[in-house]
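A short worksheet on the structure shown next.
Should a chain be cited, it is by its letter among A, B, C and D, assigned in written order, with residues numbered from 1 in that chain.
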Amino acid sequence: MFDIVSFLVSWFPIFSIYAILALCLNMEIGYTGMANFGLVAFYAIGAFVAGYTSMTIFLSFYGYNYPIYSLDAIITMGKIAGRTPWLNISVFILSLILAFLVAGLAGYLVSFPTLRVGPAFLGITILSFGEMLRVFMKHFQPTGGSYGLLGIPHPFAWVSDPLIKNLLFVIVTLVILILVFIYFELLANSPYGRALKSIREDEIASLCLGKPVPRIKAELLFVASGVSGIAGALYVFYLGSVAPDMFVTAVTFEVWSMVILGGRGNNMGAILGALIFSLLNRATAILNFIFLDLLIDPNYIRWMITGILIIIVLMYRPKGILAEKTVKTDAWRIFGEAQRDWDRITAMIQVANRYLKRAFHWLIGRETK
Amino acid sequence: MEVPRELINTTWYTCLYSLMAVPLTLSYRTSKVLNFAHGIYITIGAYIPVFISRGLGISVSPIIAILSSFTAGAILAMVSHLAVFSPLIKRKATPVTLMIASMGLWIFIKYALYAALSILQRSWMTQLTYTNPNIDIPSSISFMGIEINARLLLTILLVIVVFTLLTLFLMKTKTGMAIRAIADNPELAQLTGISREKTLLIAWAISGGIAAIGGFAWSIFAYVSPETGDNLILQVFACSVIGGLVSLSITFIGAIIISSAENLLIILLNRYFGVELSFRPFLSFLILLLTILIRPPAGAGGGLPYRYKITGYISRLLRRREENV
Amino acid sequence: MTNPILEVRNVSKRFGGVEALRDVSLEVKRGSITGLIGPNGSGKSTLFNVITGFYKPDSGSVYFEGRRIDGLNPNEIYNIGIARTFQIPRLFGSLTTLENMMLSPRGQKGESLLRAPLRKAWVNEELQIANEVKNLLKEFNMDGAYRMVASSLSGGHVKMVETSKGILGRAKLILLDEPTAGVHYAVGRSLFEYISYLRKTANLTFFIIEHRIDLLFDYVDYVYVLHMGRLLSQGTPEEVASDPKVIEAYIGGA
Amino acid sequence: MSAQLPRLLVFLVIGLVIGAAASYAYVNSTVSSTINELNSKIAQLQDQIKLLNQTIEYRIGVTLPLTGHLQDVGGQWRTVVDMAFEDLNKEMQKYGIRVKFTPVILDDKTDATQALVNVQTFYQAGIKVVIGPAASSQVKAVKNYADDNKIVIISPSSTAPTLALPGDFIYRTVGSDAGQAKALAALVKSQGVSKVIVFHRNDEYGVAFEKFFEEEFKALGGTSIGIPYDTTLEDYASEVAQLSVRARQEGVEGIVIITFDTDGVNILSHASKDPYLATLKWFSSEGIHGARGLLEDPVASFIQRTNLLGTRPLFKENPLLHDFAARYKAIRGHDPPVFSANLYDAIILAGWAIVRAGTYDGVAISKALVEVARTYYGVSGLTMFDENGDKLFQDYSVWTVKPVDGKYEYADVGSYSGGTITFG
């Protein structure tokens, strides 16, 4: 008795949120060589920004002036969340944008103290930044301090059937995941992506080729942190709640394991890593169902295996399951090689687009150019 | 006369942090591995006396506890070097790769410890998380009419003895000098005929062992849980970063700074600025961030080994705007 | 031909107690091949590092085409037309030869964050550079090597790729730090042949640190000799070779 | 016109298709809803027939913090879970109900996402009743999913006031802290103390408790000063030193600690080294009760010196409780940890609710749970829920640690009712 739809609905959002995080980390560590051990900080910023924005807008739209973390606000939100579909959707989109901007800005600012130091210091600094943020958020009253927020309006709260509501959310996360993936692929397979890889290989040599290394690093932290912020916002809309204690460093390490296992410097690999980990997580839970009273909790064994796998992968297959590929730009065409894997897909989309356009023009009675 | 508790705590924390952070700096300096598994050496060091005293049902003499902690930490560190870091270094792994490997090692040992604890708890019928080892120390000793906390005294003695021995070892013995040589210039050291592998192994053993002694010191100070090392590791990193991950003596000063910030500065901030007590962990991270901002350890950890004007970009933007006007 | 492309004026630099450079002044003439020699630790590499922006001189100044450049960041210095190579070539090990060479041209449109995802914005430039790379590889006789990962190239090829950075980057002045170190004598000679060929055809200026003085002296126009951080001697190769101070420094240093 | 015709035709076809689809969906949904209703009724009847014929096995999900910050108490709760299921199955046998309950225990790492993943896994496996998670932030994380999929969540330890929401699927077998704060305020006042420092966890439990306590204590004419401390630390020596400084400055007569067990024991162990703090009167909430550390020496004698008194949400004369505590002690060798009684009752209630509902369906169980709880008297006393799904009636008793035969033991020395504390 395995209900595939309900499994998809419950598994996919969390998977795709982690996949987005893994993609961000992959851009940072896989392409640029920046050891971001504080990923969770930007994830948290996105989450809080989304929670704060959506609650505030909703309550003020309906003319309530409760503090957004109060019990009244939570109960009110339960009543008003499903009333105005357009507001839900627009607040959702606005929150995603704001989450991107604020988290990105935080990433950009954090890059400053770390521009001159190596990966070890960068790692510790951002790791500390994450912890600092968590302690700070516990005191930050506007987002409820240690209470956190509850009752954040689901973008599809107006759909009465929970299954459809969640399916819609799955579609939204899928679309965002695909968009993020395409954006990062475009970025990676461009002269910019080449510059990123040169920084990873040898910062100094890259600098000597005129690449503004610190600026590129800061830019990349902006983009990757911003996208992690989007992941945080999605997480908040999925859970409907946010609290500072959700964003512990363990989350960062989990995402790291995904990227290492899947393949550094390969966006498909990052997604594959997220896939493996999220499925493994569910699979170990099932072990508990089969063997009811184990001497050692399967979770411990799963983590021990994860630890060993990381080491084995680094030793025998340092590039991960899916190895890194060359930067596919048009330059390869000059040497008679196909430049992009997904060129064919783009071509197909273009053809389809052309036909659709033609059909549309035919329908509305206009001449196609 | 009564000594204020803040000062006692500061002293105690200085001892603990220095015992934990100095070996971290040492291992980073020699092997260029930023070791996330360092926290687990501390935890293991704290658990060894617990295992002995609970397993045998006796109270352990401090000397035996210290030695066994040291041995366990040293063995663990040597095994992690031999099994993980050394093969990776041979494969020309980058510092980031080594850091990730240490993360994997940390995850593995931590959950292996959890698994071991869950078995031991069942077979010994006692709770082993959040516990204290049974160590044979009087609670206080009277010295010339002054009551002194024997555990604090032992910790201070431990710090003095450990660091004296460490200094002597690094300065006077051949192996110690080899360790320093490898830390300062690996290529040159190898040319002079120092066996890199052997020296690194000894350096690892020492750093793991001292970290485990730090764990022991923790176990007589507070309670022990499988998360002990992890919960302390960021503060320990902060101490090491103040030392630039290079200097052992500045790392010690870093331990003093962090412990004073956590025990004294927070009190001042509370009294004069009304900063809540729960901001305590915030302070140590803030200090770490400020250290990196104000005195960036250029070149350390594989960064750019030269000045780079951060303001370059902004000032260029401004200049461009002026030109446009 | 009269105005110098690079001018170093009274540059001093000390590290702690060690005086790496003391009041060094020199000029590199446009279109020339200028040599810089000196025993180990005489400050040659430090001078290169000062010129390319790695170190800020304690006193003195550096001018490039009449513009003061000390204080600029290394990437800015590359972008105004000074390229440098390293003693131990620093190619990007896990990138292919093609990618390594494609990285050299400065100010590529596609290297901006905003333009990178828009293929149209940079595709023409990219194709143009790739063509140039292809021709250059043909010239080097390494047609097939474009696909090879840089860490698997042979020593001579590595030097070629390293030298090509300056050409692709449209540099006006190329600083070469021991271009022939670690390669066979014949390869070194062909490299120097290529350098003088480039000087003639592409109107490039070269400033070269070299230990193989015999090789160097066959090709350079002018030589500076550094010793203990100070300029010891300068002149045409013949003049320098017969300078007793230089001979003494070399014997004393060796 | 003739050129327009095919276009019109296409429009027509598209319109028809959409219209047909919409009407089909509408009709289908109304028809299918009646069919579903019938089906569910049939299934219910079948279930009842099955119930009469054979032993049905129901699985109940339990999500416990076996690793992470609450791992200490989580490990001990595992024993409580085993005990409760054993008792529940024995009861079923005794009443001749052919039902067997088995727990499925998953570790949630004291982490919100993992708690959600666990609840989702339970749901996939057809489990509709979940005991746990422990922390309020975790309960909040699973709330949306539980409400959507009609999974009954019974948390034995979440006391967050922001979760007191009507009409959801979240039940809590532990009383609101507002009640306990009142009892604790009365206790503090009864000891002749009118100015205290409330030293509390900086999480929702601690902050909310402090707020309630301040209100109640003010009503009784006292003043209280709240000092929060961060909860993720390994040690609290610095915090205790600061507490001592503040206590001197403010000239308070007593300290109230709102802690969990590990942090509380740590705080008391440091306080025991401070001579000034030992001169004050100490009070505590239930969070620390049951911790083994309180029975060991520096802390235990400190408690004797300062006459530490605490409140806890239990009726001390309850024989079931004494029986439960004794049995736990026989297994584990120490007193049951905090919220054990609530956890035990949560499981027993869940079991009976399933039996009463007669079907493994969230809505029915939710309804049955409220009904079962109305008449049940368990280890934690009367288990009735209020309209928010939280424990309605709560007795409070006063606990302390006392020396018995050279060892220390927990003892309930008083009780609270109607605003007054009675000792004895």
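Assume a contact is a pair of C-beta atoms (placed from the backbone, for glycine too) under 8 Å apart; a residue touches a chain by one contact, two chains touch by 3 or more.
Source: prediction; values computed, not measured.
Peer 1: Looking at C-alpha means, what's the farthest chain from chain C?
Peer 2: It is D whose centre lies farthest from that of chain C.
Peer 1: If I average the C-alpha coordinates per chain and also across every protein chain shown, which chain's average lies closest to the global one?
Peer 2: A
Peer 1: How many Å are there between the centre of chain B and the centre of chain D, using C-alpha atoms for each centre?
Peer 2: 37
Peer 1: From the C-alpha centre of chain B to that of chain C, how far is it in Å?
Peer 2: Once rounded, the distance between the two centres reads 44 Å.
Peer 1: Give, as an integer number of Å, the spacing between the C-alpha centres of chain D and chain A.
Peer 2: Computed from C-alpha means, the inter-chain centre distance equals 32 Å.
Peer 1: Provide the list of chain B residues touching at least two other chains, using ranges where the numbers run on.
Peer 2: Each of 111, 114, 118, 276, 278-279, 281, 308 in chain B touches at least two other chains.
Peer 1: Could you list which residues of chain C touch at least two other chains?
Peer 2: 73-74, 76
Peer 1: Which parts of chain A, given as residue numbers and ranges, touch two or more other chains?
Peer 2: Expected reply: 135, 138-139, 204, 207, 212-213, 297, 299-300.
Peer 1: Which residues of chain A touch chain C in their complex?
Peer 2: So the residues of chain A touching chain C come out as 183, 186-187, 190-195, 197-198, 201-202, 204-213, 216, 219-220, 223, 324, 326-327, 329-335.
Peer 1: Quick check on the complex: what are the chain C residues that touch chain A?
Peer 2: Its residues touching chain A are 52, 73-76, 78-79, 83-84, 86, 90-96, 98-99, 102-104, 106-113, 115-117, 119, 122-123, 126-127, 129-131, 133-134, 146-147, 165, 169.
Peer 1: Given the complex with chain A, which residues does chain B contribute to the contact?
Peer 2: On the chain B side, the touching residues are 28, 34, 84, 87-88, 91, 93-97, 99-101, 103-112, 114-115, 118-119, 122, 234, 237-238, 241, 245, 276, 278-279, 281-282, 285-286, 288-289, 292-293, 296-305, 308, 310, 313.
Peer 1: If we count contacts the way the header does, which residues on chain B are in touch with chain D in the complex?
Peer 2: Where chain B meets chain D, its residues are 2, 4-6, 9, 12-13, 111, 114, 118, 121, 125-127, 129-130, 132, 139, 149, 221-223, 225-228, 231-232, 262-263, 266-267, 270-271, 276-281.
Peer 1: Can you list the chain A residues touching chain B in their complex?
Peer 2: It is residues 29, 33, 35, 112-125, 127-129, 131-132, 135-136, 138-139, 203-204, 207, 212-215, 253, 256-257, 260, 295-297, 299-301, 303-304, 306-311, 314-315, 318 of chain A that touch chain B.
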